[in-house]
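Each of the two complexes below includes subunit A, the first together with subunit B, the second together with subunit C.
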Partner chain A sequence: MTVHAEPRRETVNRLGLWLFFCSEFFLFAALFAARFYLAGPYHAKVNQPLGLAITLVLLVSGFTAYRAEAGIRRGDRSAFLRNLLVTILLGLVFLAGVGVEWATAEFAPSSIFGTAFFTMTGVHASHVLSGVVAFALAYRLGLRGHFSAERHWGVEALVKYWYLIDVVWVFFFPVLYLVRA
Partner chain B sequence: MVTRAVEQQSHGGPWTAFLPLVRGLVWAMIGFAVGAALTAVVRIAGGRSAWTFGLSFSVGYVFALLGWLLGVGMWERWGREWFGRPTVEEGPTDWRRYLAFTTDHKVIGIQYLATFVVVFLLAGLLAMLIRIQYLTPGGTVLDNATYNRVMSMHGILMIAVAVAIFVGSFGNYLLPIMIGARDVAFPRLNALSYWLVPPVAILLFVSQAFGGWDSGWTAYAPLSVRNAPGQILFCLAIITFGLSSIVGGLNFLVTIITMRAHGMTWGRLPIFVWSIFATSWIALLFTQFFAAAMLMVLLDRIAGTSFFAASNGGSAILYQHVFWFYSHPAVYIFIMPALGVTLEVLSHFSRKPLFAYRWAVGGFLGILAMSALVWVHHMFVTGVPYKLEAPFLITTEIISIPTGLIFLTALGTIWQGRLWLRVPMLFALAEVFNFLIGGITGIFLADVPTDAMLHNSYWVVAHFHYTIMGGEIFALMAAIYYWFPKMTGRMYSERVGRLHFALMFIAFNGTFLPMFWAGVHGMNRRIATYVPSLQGVNDLISAMGFLLGISFLFFVANMAYSLVRGRKAVANPWGARTLEWQTSSPPPVENFLVPPVVTGHPYDYGVPGAAPYAAFAPAGGSGEASS
Partner chain C sequence: MERRKRESAESSRGRLTVLAALVVLTLAEYVVGVKVAPNLSLLLLFMLAQAALIIWYSMELPKLWRRDEEEEI
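Showing the complex of A and B:
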């Protein structure tokens, strides 16, 4: 009965996902701009080695997320699950790193740099956490054989979301850890 | 299959309709307890007290919101999928579906419309209360603190109506039909977007138990960081509402881009669809800034940050930048769909092609492009750097050019038309009249020297109500009367409708035109009292204001009576060309029995040799339009 001009479902989904990313970009841009509006290029004493370490962890997790998607794309379920698990663990390591950073920070949230630092890392970490939770659900589904070479839109969407989180951090890291007046 | 579902449902009696809502509330309470308990565990581990209102409530609310959504029906339709279980697609098909988590865009459109008409009338009652307060210069019924809360509540409820009522109800109900689609691109996201709204309403009303908030709908810092804890609930409500807005905008964009019927090229889109397209971009992108502003207020209150604490190096001006970067584009969320409907109605009821269709589209896209470049004009008197004032004066003046294009399109369409003065047309013509006054009086607020005098006076109140009430709400009424036959299958009463129009038009202008005068003569906005010399004009405004309130009784009576007793409507009572009129009233479940193929332009009225707008492909002939 239906001969509407129905586009491919994945085309529709992808467009929706990218529009969601555009929207997210505005949220992060608001925080990014607020950081410079309030504190200029000034930054308090931060733990730069730790910051570099968690940045590397997140970047590597982006690579393993890519490997996971590539695995399911060619139907290699064990490679998919293995890489997904590593991604989840790296995400948790990143969150732990942020936790250590928060616990040992030498500046208070009430200081002007602290305001920007805790808000930006906090909003970003909450996105990482949501990604880890969603990956964990996807891992559970994967164990039960729910994804295949033909049907893995959920994995593709989550991995792209993970890239967004990575890219945001690539901008947040230098403005929180590196720039200097 | 449909009848079986009805039989199943009818076993339980009418009270089963409320089961999803009850379950949503119960799950929300459980979620709240979980969130508050988690907060308590973390705080006790850190050696602090288990409960602190701001933090515990906020974390509890996040879990409560999730519980509400899952409980109200998202679990069956969506959540089960996350755990690899099949989703449940059946739901009630009778009136109970209006109280359920359903994915039918027409049901969601009605849900939005009913919800926000109720909110609109409630917020209108608060306006009546404000006019009662102004019966004497010293105020009659409200003390200063209560007045501030009433004014704030009136403001935010009306803003919520202005944001959601067009896009949520007419966007949802009509947009898929107008482009020849069966539904929106993401039906479940659509349902999510509606069911995020009740928590917003609940939070705003419950916040009154926690001292409410007295910072207006704008919630300017630093007041919003220091006032009663009700402000925290306000912030959470706005973030939730923002999420609803973003999800809705995303859904409409994808729908318009990917779901158009065969032959529905961009140049054949009805102008209302174009207006929703431009609006949706604003909702998708800029709403994040409102959420960010509310997040900053929340963090300052519950996490001890210093965004707006000047003593620690923060800046209250930052709040206004972040806030207006959304809230100025937001006024185009209010007005663009209204202008879209106005052009739609003007063309159909002038029996003429829409004048300069392409320029009108350019107007909407021009407003979209400029919308984020004018926000500082709200801040001319709040101490922004002097060098920002001239550029924003100029950009504000420039944005009147695309707006003017749309206005000229309206005038050109009426010009030498054969005007068919039915109720929708009367409201559309009034919209053009009111919006002109709103636009012209805005020039004085865009220009820095006059704004310095007029800011925070009733001039601003009058200007704003002329654009939003005179512009959007009059267009809303045009839309309701215009599409009432389509949505309900019945005709409204033309006579009562005309009475409603006459009363509303006279009372509206009688209420808000004198406010310009009051503003120029020193009446301050957002103040519980006024100088005694302005009592005369305020008496006039109050009398007209009450008449304006009364005019809506005719509206409600007309709608309620016509819904039950109205004459049966035919498929196309207006003889209009657009697709929604080429299917039955109300439309069948997936909108068209035979999918349409678009072959002409939507507004070719009286054009010799114009192609028909749509053909209904396989069955031959004009499908159900002729039945």
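Showing the complex of A and C:
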């Protein structure tokens, strides 16, 4: 008779998190498809250098988020808090970049491309904002002594969520800023 | 504690390599998109390569099917 050990709590948590990610991928895949259904490969005049800059900012923020997780994993609270703060700042820079793009866009939100552009960047930015808020909460909890080398699942999940935001932008940036007929 | 620090340093180097690869791919994608041929099929290669790097190494997808005992080691 084979006896199977109960899966650890973290293993189950990870599976649940990935199921949530799958539901998010479906949402963003629908937006990705809608962009081409509505506007084809056409794109209006967008600020490509700004798009590149905020993409790089988001990629670097993924690394600092990881450094925060690595910090708490080895019990280094100051590294955890420092990197969390840098990640929050980079997230805010990304949001500011999106804000500039919106404010200076030379196409109407009601145009075909505008509908796709503002919907995709808007839904993505709302995820970035929720990530920044969650990081800020984690920072506050970290200041109060929450999380440790043994107990940091919340931080790990948050960092993975941040990477999900990275993955989505990796697809959105080229189709909104680069692809042309 | 020392072992954790050593592992953390090694892991950080790995993540830095992944970040460097992502930055290079993004810059190459930008150059291709702006200067060369901004067609979807070509850009899709860049997108998929970057997504695979992030999902595999940064989101640690393999941890999903790794046995608990292996993680303890």
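Heads up, the rule we're going with is that the second predicted complex is superposed on the first by the 175 of 181 C-alpha atoms of A that agree within 3 Å, B and C clash if a C-alpha of one lies under 4 Å from a C-alpha of the other, contacts with A are read in each partner's own complex, and residues count from 1 in each chain.
Just so it is clear, contacts are C-beta pairs under 8 Å (C-beta built on N, C-alpha and C of every residue); 3 or more make two chains touch, one makes a residue touch a chain.
Since the structure is predicted, the reported quantities are computational estimates derived from the model, not experimental observations.
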| item | value |
| --- | --- |
| First, second, both or neither for A:109, with subunit B first and subunit C second | first |
| Which of subunit B and subunit C A:45 touches, first, second, both or neither | neither |
| Subunit B versus subunit C as contact partner of A:119, first or second or both or neither | first |
| Subunit B versus subunit C as contact partner of A:170, first or second or both or neither | second |
| Partner chain in contact with A:140 - subunit B first, subunit C second, else both or neither | first |
| Contacts on subunit A seen with subunit B and repeated with subunit C across the two complexes | 5, 7, 11, 15 |
| Subunit C-facing residues of subunit A, complex | 5, 7-8, 11, 14-15, 18, 21, 36, 41, 48, 52, 55-56, 59-60, 62-63, 66-67, 70, 73-75, 149, 160, 163-164, 166-167, 170-171, 173-175, 177-180 |
| Subunit C - residues contacting subunit A, complex | 1, 4-5, 8, 11-12, 15-16, 19, 22-23, 26-27, 29-30, 32-34, 38-40, 43, 46-47, 50-51, 54-55, 58-61, 63-64, 68 |
| Subunit A-touching residues of subunit B, taken from the complex the two chains share | 82-84, 180-182, 185-186, 189, 246, 250-251, 253-254, 257-262, 264, 284-289, 291-292, 295-296, 299, 303-307, 309, 312-315, 318, 321-322, 325, 590, 595, 617-618 |
| Footprint of subunit B on subunit A - complex, ascending | 2-7, 11-12, 15-16, 19-20, 22-24, 26-27, 30-31, 34, 37-39, 108-112, 114-115, 118-119, 123, 137, 140-141, 144, 146 |
